[in-house]
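Here the structure comes first, spelled out in structure tokens, and everything after it is commentary.
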Amino acid sequence: MLALLPSMLGFIKPHIDYHALAPEIILTVAIVAVLVADLVFDERRKWATSTIAGLGVLGALVPVITLAANGADRVMFGGAYVVDNFALISKALFLIAGYVVILLSINYIGEGDYSEGEYHFLLLCSLLGMSVMGSSRDLITIFVALETLSIPAYMLAGWRKRDLKSNEASMKYYLLGVFASAVMLYGMSLLYGVTGSTVLSTIGAGITKGSFSQPIITLGILFVIVGFAFKVSAVPFHSWAPDTYEGAPTPITAFLSVASKAAGFVALTQLVYVGFCSRSDVYAPLFWILAALTMTVGNVVALRQTNIVRMLAYSSIAQAGYILVPFATLGQGKQDGRSALTSVITYLLVYAAMNLGAFAVIIAVSRKTRSGEISSFGGLFSYAPGLAVLMTVFLFSLAGIPPLGGWIAKFTVFRAVLDAGTGWSLVLGIIAAVNSVIALYYYASVAKEMWMKPVPDDDRTPIKVPASLSIALGITAVATIVIGIVPNFIVRFGELAHLTAGFGK
Amino acid sequence: MPINAFLLLAAFLFCTGLYGVLARRNAVLVLMSVELILNAVNINLVAFGTRFQGDVTGQVFALFVIAIAAAEVGVGLAIVLLIHRNKSSINVDELDSMKG
Amino acid sequence: MNSFDQWALSLAVFIPVVGALVMMFAIPKEDEKSVKIAALVTSLAALAVGIYVMVKFNYDKSGTMQFAVDKPWINIIHSRFNIGIDGISLPMFMLSLVVVPLCIIYSWNHIPSPGNAKAFFILMLLLETGMAGTFVARDLILFFVFFEVVLLPMYFMIGVWGCYTRQYASTKFFLYTLFGSALMLLSFLALFFKGNATSFAMSDLAVAAHNIPHGTQLLIFGGLFIGFAVKVPMFPFHTWLPDAHTQAPTVGSVILAAVLLKLGTYGFIRIGIPILPEAAKSWAWFIGLLAVIGIIYGALGCLAQTDMKRLIAFSSVAHMGFVMLGISTLTPFGINAAIFGMVAHGLITGMLFFLAGSIKERFHTLEIKRLGGLLLQAPRMGWLLGLSAMASLGLPGLAGFWGEFPAILSAYSPAKGLTESTFRTFMVIAAVGTVLAAGYLLWLVQRVAFGQPKAEWEGHHFDDVLPTEWLAWAPFLIGILVLGVYPQFLFHITDGAVTDMLHTALGR
Amino acid sequence: MLNHAWIIPLIPAVSFFLIIGLGKKMPMKGSEIGLVSIFTSLVLALITAVQWINHTNAAVTGGEAGASDGAAHEAIVKPVIKVFTWWQSGGVKFGWGSHIDGLAVALLVVVTIISSCVHVFSLEYLRGDRRYTHYFAALSLFTAGMLNLVVAENTIQLLLGWEIMGLCSFMLIGHWWEEEANSRAALKAFFTTRTGDIGLLVGISIVYFATKSFSIETINQTVTDGKVSHLVILMGAIALFIAVIGKSGQFPLHTWLPDAMAGPTPVSALIHAATMVVAGVYLVARLYPVFVSGFSIGTNVTIGGLNPMALIGGITIVIAAGLAFVQNDIKKVLAYSTVSQLGYMIMGLGVGAWTPAVFHIFTHAFFKALLFLGAGSIAHSGSHHSFDMKESMGGLRKYMPITFWTFIVGTLALSGIFPFAGFFSKDEILAFAGHHGYHSFMYIGLVGAFMTAAYMTRCVWLTFFGEYRGGHAAHDDHHTVALVAHDADVHADHHDAHAEPHESPWLITGPLILLAVLATVVGFLNAAPFKIEKFTEWVQPRIAFPEISVPDFSWLEAGESLAIAMAGILIAAALWSKDLGRLRGLTKRNKLAHAGYTFLWNKYYLDHLYEGIIVAGITGPIARGAYWINQKLIDGTVNGVGIGAREAGKWVYKNIDQKIVDGAVNGAGMAASETGGLLRGLQTGKVQQYGALLFGSSAIIGLIFVIVIK
Amino acid sequence: MLANQMVPQNIAFGVMATVMAYCAIRVVTTDNLVRAALFLVGVLAGVAGIYILLAAEFVAAVQIIVYIGAVVVLFLFGIMLTKAQIGKAAHLTGDKWPIGLGIAVIMAGTMGYVLMKAFGMQKVDEGRIIGRSAAVADSIFSTYLIPFEVISILLLAALIGAIVLAKKD
């Protein structure tokens, strides 16, 4: 108890492990550098900000790698901030996804007369928030990290200032985000009120069954999860996603659907594994409902979409549903949390690759067609076979067709389900299976459009793909295919990422 | 005095704000209602802090919330202005160019 | 076993993919000639390795896995790159390696509209990898992956190079099959987890399955059943087949008929029965029932068709019914017959689809009403149609008979523990099916080949069988004849493996 | 040769491939290959026969010499069996080889002789045909199939031959497939026999599992030993008999056979008279113990001797004979006659008369082939390729003497007139039936004999007597197309529609003469009146065979049947010859009554028959009615089954497949899509509604959880 | 003795709570934008008072400085920049307000039930209240150092982003 009361004993200089903080520090330096560059460079040389941002992100990856090589778990600030394998993997995921988003943005932003420097600045801020999120094991840190990654994103969603849709996207995202934060904060306050601490491991010890009045704990857990359910766009907290995705600049949509969502899941994982691990009686049913609803609604509504981005929005909602499935199996049957965590991490990694890839193709294609309609992809195969093949790869990977990466992700989900082996989890598994067939329909319909339909207006001028986009496509495509064929290493990441407290070990 | 006095007051503020955000059309009023909610949370945090000897975590949390709330309001108003410039209206229920 | 043997199967499976990659990146789309040559060379190289395997195969030990390779693959889920070949898989493996080069030869001058030979051949090569891989996989996850690899190329083949309603057909094919494989995968996982298996290797799971209570076994087998039944396809999961076949380009139909449908039946023999023999016994009557329904139903469906290709497609439903009937008896005799039936159906129906394709090429229609007098317009083709139809209806002396008759025969005396009277009823129904088969096939021949050509073709000249067609068809025809006259070629390979398999599974 | 009889079917099989491969390039378009092969087979078959005869003779004499040494006797008359393993599956071995005994030898001889004759005949008959090569290839294949069936060592091999013949029959009936009627007839033939083949498949299966063997020898032995339950063997026998009905044109599956006359006439002679159609009979004879045991032949006389085989055979005799009366097409008369004669064989086997029935197969083959070839000769040279007796024939006696006389020989043999072959075999069947308690079947046989004699007389009369009615353009149903198709100028002399009828060339008459001689003499192989029982001696099996006691010959009975046949000839001659009127017919009836023949019991029937003849002229309403029933009802049923199946197919496809099975799947897809549409409605685009959803869900889920999870 | 101390506190709380509740309701119901902002000030001031009651003086100070001093001013700027009607305006409340009310009532019920169940009439332990701002500072600069640093970046980001969005171009 005394250790928790530093104030009573006077100020004790906290131990700071700079190696552990290096990724964030490098990111911060990059943020400042981008700002300065934006001030210094004139309009013609603004592209340099993107280069700086990209380098910054890559630079931040270096300490992530050295930390991983070092291997030791680093715990700071009384357990509020931890750098372990899980944190490192999630940071690597955020940073690589962020890098790909920067690659996607270069031409999009550069050619669109948007504020380029500030754009990259905000993107990096958001990445910083995510990076912090990966290590947070404390409610306040999680909250701050969440807002840091969200608030720049609210603004980025409205970055196409003259487009009302973009404004609207920003507004909706912002309002819903604030609402969700409010609910989450209320839940956090309840948890704090019960346990007297914001550190997750302490909370975990304080909310075991029978320790306190149950309803308040239940409501606290529930509200906190709602806050992140919003972030991962789980139904019924998903409603912002389609509109925001459609209206936001496409690279930002990619960012939101991948990095931001992944951050949500990372936070959820930490909360559930470290904080709430003993209370699967509360969150497992909640995740069950969320997962079932999310998969079903996401897929079914996606069937009726005509706008490709909007369709992918619903698709990413549905994908979030699959990722929620392992959460619903936690603490059920023989599920010891190991395979569920592996599944979540694996899914996030694969999902990042394939979804970013799909958006990269959309960006490349819409550079020519200037349209977001699915029909604008008509006959793509005949004039841009490379893009069509890549898009096909990404879409069918999302659908989970072997040997593309998506299958191993889905596979680990099913494995988590069967590991639990209870009736409820099996039902969820079947819902997931049925959903993956429904999903196939709309993924296939895009493929159909590209391969089997005529070219609209018979405009067969080839598409020029800028270098940065090509790199992004290359990274994502290689990742998607290689993960599918040799899934060993990616699943190994998932397996490595044991969380020290709770289920792990 | 009972701790619940503070907590219930906070709950009331929360729900009033909740009503506000759902019922008010004007975006600025919605933002004001959000502030009600956040303040309710802060009351909670500070009140809960009294349950634990010498613990100021609640207060610290409240401070962070205040800071972030300020940032949020700033951003929110910027977005409202953005919309106002393009649409000359800040009624949130008129924002439905995307749906379905 | 020398070091090449270690690599032989992997080579045969992956050479096509390598070829496809080379074609994708190194050969421009416009250079059709190089594309064709590259595709042919690749598939022939794979075939050459296949022939090497066939030659080196120890036929006296057809029941044991040969050319086995067992390397780590996905450690974390206990799945390994475990491949090998035995008497059950060898015929199917060879069939898939043979069919692809022939299809490439056939397509030499017949790239279906809208062209793009490069993409077409790349897909075909990918397909080859999937097919060959499925037949050598000894690990369920690996099996699943190869099983699915087949899906996409075929989807595009139908969807891009198919006929009028190709999109509907391809989507249907795709969704159906995926639905099936989703269930199949769930069953695989359930096997693994419920049995507390140490790996996904089929041999391990067969042991581990003893840990599973009977009721669960039944459920798991049910999942496997639907998964495979969709692919076979068995009634009532068959409706994708007529559409897919009808709309697919010729070689698509050929590959579909010759190899793809066999994936399902092969799954039953390779996975369903050895791993869950008890559940298979409990399900056998149901499988047999659906099989005979399929026989009659497919035949009735054929009688209703006005399109030649669709008729042939429906006939597949009936023929695969015989195969499934043989499997459902769970006797070595029946399963040998089933494997024979698979190969025979592959050759015969493949040949029929080739013919249908060539007829379509010439007449631009497959409406039976508009055809007629083919024997006058293109006599050789007409005779080939007659021969294939005869083979298809199970005429002794041609390959079809040896799949059909022993299957019927085996139903008289199914494995111990199965109800004889039920299966004997099936036997009689199946025998009635042979008559219906004769009915629709001869009716087809009569309307298409006999009689006088219709007036609308007056003055048209039609090429008889072209050299590329001869080249592509000759192996099929030789196979039909040789297997018909000397079925021991195939039974010799399968018998030991099937007997061993059933001995292990059912303990007799 | 006995050990290597399996070579005999291989020769024509090889010939088939040679003709297909090289035929077109040969000087005689491949026919020479066929000829060489069939003659080789013939020679080999004769050698086999001689060896077998020696074999049995040795056994018989050996048996007599050392009567005590029973074992040696047994061993020496065993069938000679040679088996190669053909294939093997699931522990079951399948052989391919030969099973040579008297029955097989008899059929080998018949088949090779008839086939040789037909080959020679076809050289001329089919000359210039568009598909000359294919024709000979098919003949070769057919011969291979039939010979394979004859020498079959096991049931699977038998089935192989059986089906190959079916295929050849299909190919040859549809030889002139340009005409739709022909292809339809071919289809019908194949389809009907195939229906019967269900029985064969099932029967072979049952017998296999009952006796654990496919080997004919083992099957017969096992069944004879009585080791198999009667019920099983009855099921097997019924199943096999269904196949027989289909293949051997028994009632009610006989309708394909007349239609099959659409094929070239030599084919009809070979396939649809002499050989293939007796394959069914042969099957019964081959697996006789199965049928004897299954149908309790010879042991259930007490219940009237009714067994399906005898019954079906009997019905077929009468019905087919009746139908033969109303045909105008000479080939159809012969076709119905064939059906009727097959009925005799089946009935004979049904009553236990194994040897007589087999003997009838033997003799029938010669005279029926003779008749068909005669009809072919007429069509070729006398009637401009028409087979219509009323329209294109008449008075041909003058133009075609050889054909006429040989035809007469055939007719007499068929009618069972002493001393032609038919007399001996038919009489033995009837005698056997009478002596073993199957009296009713004997009477049926006698009626049949009468009718046979009568319709054949009609046929001969219409063809050879009276005035020549031909001379106008041929409207033959199949040659027209062939004429158009091949080089008409080369063969103008043969096909000139206005040429006078003339005798056929020697390639046609040669076989006719040979067959006529054979039809005359072969009867004496087993001429009971003269105590010659060579055929019985050589052919009747000694082991694994039920006891057969051949009754002693009785001249009285033979006289009865002979008299009936003669009566038939006379009555018919009287009725159909123009110079005899109705009154003469009536007198004849009185004469019949006066003659005191022993079938007053059927006077009533005869009365009606004659009244009918009187009322309606030459064609009897009963025969007409029977024909109507035949065409509309039985044939209609056969066709109707086809149409019905097609309609059922359409219905199932349209309603069940497309609407229910497919509909359910598509419906599920639609439902998903519609749900999607509905859920889209929730996405109104209004941010506050989203907020309401968010807060509302939180509140409601919160409330529920708080209440439910304590 | 405790009771004596409690009384003024109770009275103060009662007054403040009433005012706050009234102001809060007015914020969400008034037809006048500016008035709504002023009522908001009332609520915010009340909250500051509550903090003082709970001996959290530093938080109370920050509340007044940040909220009343900055946020409300921002709102007023917002109202003016969006050229909103000063004074009464029609339709400030949407016609879907009953839904909002319903949800608010459910939420209130849930919260109330939970809180009553958890704490009942449990008293605030006066002895445990410490009002040392130093403790707050210590805590922020030790345990919560990272969030503190991050929040500075966040504020910078919000600042720059808001400028970019709000500025005319």
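Some observations on this one:
Per-chain numbering from 1; labels A, B, C, D and E assigned in written order.
Heads up, the rule we're going with is that a residue touches a chain if its C-beta (ideal position, glycine included) is under 8 Å from a C-beta of that chain, and two chains touch if they have at least 3 such contacts.
All of these numbers come straight from a predicted model, not from anything done at the bench.
In terms of the stated touch criterion, the partners common to subunit B and subunit D are A, E, listed by label. Here D-E and A-B were compared by C-beta pairs in contact; the pair with more is A-B. Across the assembly, the mean Cα position most removed from that of subunit B is the one of D. Of all chains, the one whose CA centroid is most distant from that of subunit A is D. Of all chains displayed, C has the C-alpha centre closest to the centre of the whole protein C-alpha set.
Chain centres here are Cα means. That of subunit A falls 25 Å from that of subunit B. The geometric centre of subunit B is 7 Å away from that of subunit E, both derived from CA atoms.
Look at where the CA atoms of subunit A average out and do the same for subunit D: the two points lie 79 Å apart. Work out the mean CA point of subunit A and of subunit E, and you get 31 Å between them. In subunit E, 94, 96, 99-100, 103, 107, 110-111, 113-115, 119, 130, 132, 135-136, 139, 143-144, 147, 151, 154, 158, 161-162, 165 are the positions where the chain touches two or more neighbouring chains simultaneously.
Among the residues of subunit D, those in touch with two or more other chains are 669, 680, 683, 685, 687-689, 691-692, 695, 698, 702, 706. Taken residue by residue, subunit C touches two or more other chains at 175, whereas all remaining positions touch fewer. The list of touching chain pairs reads A-B, A-C, A-D, A-E, B-D, B-E, C-D, D-E. Contact residues on subunit A toward subunit D in their complex (touch as defined above): 171-172, 175-176, 179-180, 183, 214-215, 218-219, 222-223, 226, 230, 236-237, 239-240, 242-243, 281-282, 285-286, 289, 297, 300-304, 438, 441. Considering their complex, residues 342, 381-382, 385, 392, 396, 399, 401-403, 407-408, 411-412, 414-415, 417-419, 421, 429-430, 433-434, 436-437, 440-441, 444-445, 447-448, 451-453, 486-488, 491-492, 494-495 of subunit A touch subunit C. Of all residues in subunit E, only 6, 9-10, 13, 17, 20-21, 24-25, 27-28, 33, 36-37, 40, 43-44, 47, 50-51, 54-56, 58-59, 62-63, 66-67, 70-71, 74-75, 77-79, 81-84, 89, 91-94, 96-97, 99-101, 103-105, 107-108, 111-112, 115-116, 119-125, 128-130, 132, 135-136, 139-140, 143-144, 147, 151, 154-155, 158-159, 161-163, 165-166, 168 touch subunit B in the complex they form. Residues 7, 14, 17, 21, 27, 30, 34, 37-38, 40-41, 44-45, 47-48, 51-58, 60-61, 64-65, 68, 71-72, 75-76, 78-80, 82-83, 86-87, 92, 95, 97-100 of subunit B are the ones touching subunit A in the complex. Those residues of subunit D that touch subunit E in the shared complex are 688-689, 692, 695-696, 698-700, 702-703, 706.
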